[in-house]
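Each of the next two complexes has chain A plus one other chain: chain B in the first, chain C in the second.
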Partner chain A sequence: MIILNGEETANMAGKTLADLLQEKTDMMQNVVVELNGKIMHREELEKQTLSENDHVELISFVGGG
Partner chain B sequence: MVESNDDLIIGGHHFSSRFILGSGKYSYELIDSAIHHAGAQIITMALRRTSTSEENILNYIPDDVTILPNTSGSKNAEEAIRMARIARELSGSDFIKLEVVPDSTYLLPDNEETIKATKVLADEGFIVMPYMLPDLNAARKLVEAGAAAVMPLGAPIGTNKGLATKELIQILINEIDEPIIVDAGIGRPSQAAEAMEMGAAAVMANTAMATAGDIPLMSEAFKLAVEAGRKGYLAHPGRVLDKKAAASSPVSGISK
Partner chain C sequence: MTPKFQGVAVNDFFMGMKERNVAGTTEPLQNARVTIAGAGGLGSNIAIALARSGVGHLTIIDFDTIEMSNLNRQQYKVSQVGMPKVVALKQNLLEFNPFIDIEIHQVEITPDNIETLFADCDIVCEAFDNPMAKAMLLDGVTNYYPDKPLVMGNGMAGLHITNEMQTKQQLSNVYICGDGYSKGPEGLMAPRVMVCAGHEANAILRLLTEQPVLAE
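Up next is the complex of A and B:
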């Protein structure tokens, strides 16, 4: 179980951040990943594996003033 | 288009347009048209949790337009700093419209927290454009902290009330060397023109477009108003007569 954007999400531990993105979004170039409060650079996504209780935030640009 | 020797310069970057467009509260389908009609070279965006139902806004932004991410949703300096770092990772650019808004009723910015965040972000190389409640002392501190521009509100966000803080903004324009960009509350082209005529370096508007009946047409109206106001400012408006009148036509030679 990990916490993804504030919600408990099952079956993610052991997968990489790149796997997670693949599953959760189709706009890769408009997503930043924060893992346990740390911004992950693009080149880290393939290497970084998720562990139980990780907090992941996926953040994107949206319309705004 | 305003002459190229009258560029707006923010953090060393030149822009020929002095109208900054917001992208909130209207369909992404209209963004390209709004940018085109506004002649805007800078467009603001917000950051939110990625949603599977949301379209990718970046698909609608022309390549030559500068993205100005905001830190909306931040209630203190710490939250805003985090948001700014995320924005930079995403945009690849140093521009940040710093918004620290703890008050959810009137959406008024916290100048003190904004000054704190400005210092941290400017030290990290950000081009910080802080949204603020117009106050000369706070504006001076923002500049001291490294702000590249100062963005005082004309009226509370989203109200379309215009230049409610006009006198205070005029003081900032008179006293602060960095660009003063009037942000928030500007609801009509005439208000944008007035701000520019006062000597504002640029105007930013979003709700005025988003709530208009015809978004592209209103964007164009704003573009023209900002240009007209700028030219009016550069032309040095004529004096005001307090009493009586002064004829514009010759007072002699009148045929009887």
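Up next is the complex of A and C:
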């Protein structure tokens, strides 16, 4: 179990952040991933595997300015 | 000789500013350096707020030129349509505060130039329209300058109630302003864009005057 945007989410430990993004968003380019309080840069997403109790925030941006 | 602009001396100008600015803010703001990424609805309004407040060094970056469709919310004039936004904004800002230093770059911000463009500033202000560019800047700035405060805008479209817009702390030095949901295609109008710009500008002023952004 991991904590995703404040909610307990099952069956994610062991997967990569890239897998998580694929599963949870269809606008990957608009999203930045924060893992345990640290921004994960694009090139790290494929390599970084999720562990039990990880806190993940998907910071999603919308257009307009 | 005292520098003058349209007959106004710098000292008189700053005396006038001090009369109404919050006490003790004029000096720290005069030495501050803020770089604004984007000179559209957010960037033009944020820049005006910071210039009027007396932020001494502003750098504004935008690749675009002014179109008619910008005039509903961006701080440009009909007479400036076709001009590069950074050139027009500098012109306008110097009429509000002729005694600040304004650097402009008409370039597109990419992962390759983030390190150079944001090297000198105290605070990075994100004011893009494009969500991919917002994500790219957050990624790049936290990569090269993890200790530099970054203030961002996210969600200010439509005519939703303005009370839904907030300043939130995302990371120890990343602040995101806006409602977080309203998207550009539903239309962008001056008031909500200005509210979001106000959130960003106020967060920047609080940081520059060493006040916690989110606690009184």
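The rule we apply is simple: the second predicted complex is superposed on the first by the 62 of 65 C-alpha atoms of A that agree within 3 Å, B and C clash if a C-alpha of one lies under 4 Å from a C-alpha of the other, contacts with A are read in each partner's own complex, and residues count from 1 in each chain.
In this text, contacts are C-beta pairs under 8 Å (C-beta built on N, C-alpha and C of every residue); 3 or more make two chains touch, one makes a residue touch a chain.
Every value quoted in this text rests on a predicted model; they were computed, and no experiment measured them.
S.K.: Based on the superposed arrangement, let me know which partner A:Ile39 touches: chain B (first), chain C (second), both, or neither?
M.R.: both
S.K.: Is A:Thr25 in contact with chain B, with chain C, with both, or with neither (first, second, both, neither)?
M.R.: The first partner, chain B, only.
S.K.: Touch test for A:Asn5: chain B only (first), chain C only (second), both, or neither?
M.R.: The answer is first: A:Asn5 touches chain B but not chain C.
S.K.: Is A:Ile59 touching anything from chain B or chain C once the two structures are fitted on A? First, second, both or neither.
M.R.: both
S.K.: So which bits of chain A does chain B touch that chain C touches too?
M.R.: In the superposed arrangement, which is not itself an observed complex, chain A uses residues 27, 29-32, 34, 39, 41, 57, 59-65 for both chain B and chain C.
S.K.: What part of chain A is in contact with chain C in the complex they form?
M.R.: Those in contact with chain C are residues 27, 29-32, 34, 37, 39, 41-42, 57, 59-65.
S.K.: Show me the residue ranges of chain B that touch chain A in the complex, using the header's touch definition.
M.R.: Residues of chain B touching chain A: 22-26, 28, 31, 44-52, 54, 56-58, 67, 69-70, 72, 85-86, 89-91, 157-158, 184, 204, 206-207.
S.K.: Note which residues of chain C are touching chain A in the complex, please.
M.R.: Chain C reaches chain A through residues 38, 40-43, 127-132, 134-135, 138-139, 142-143, 153-157, 170-172, 176, 180-185, 188, 193.
S.K.: Once bound in the complex, which stretches of chain A touch chain B?
M.R.: 5-6, 24-25, 27, 29-32, 34, 39, 41, 57-65
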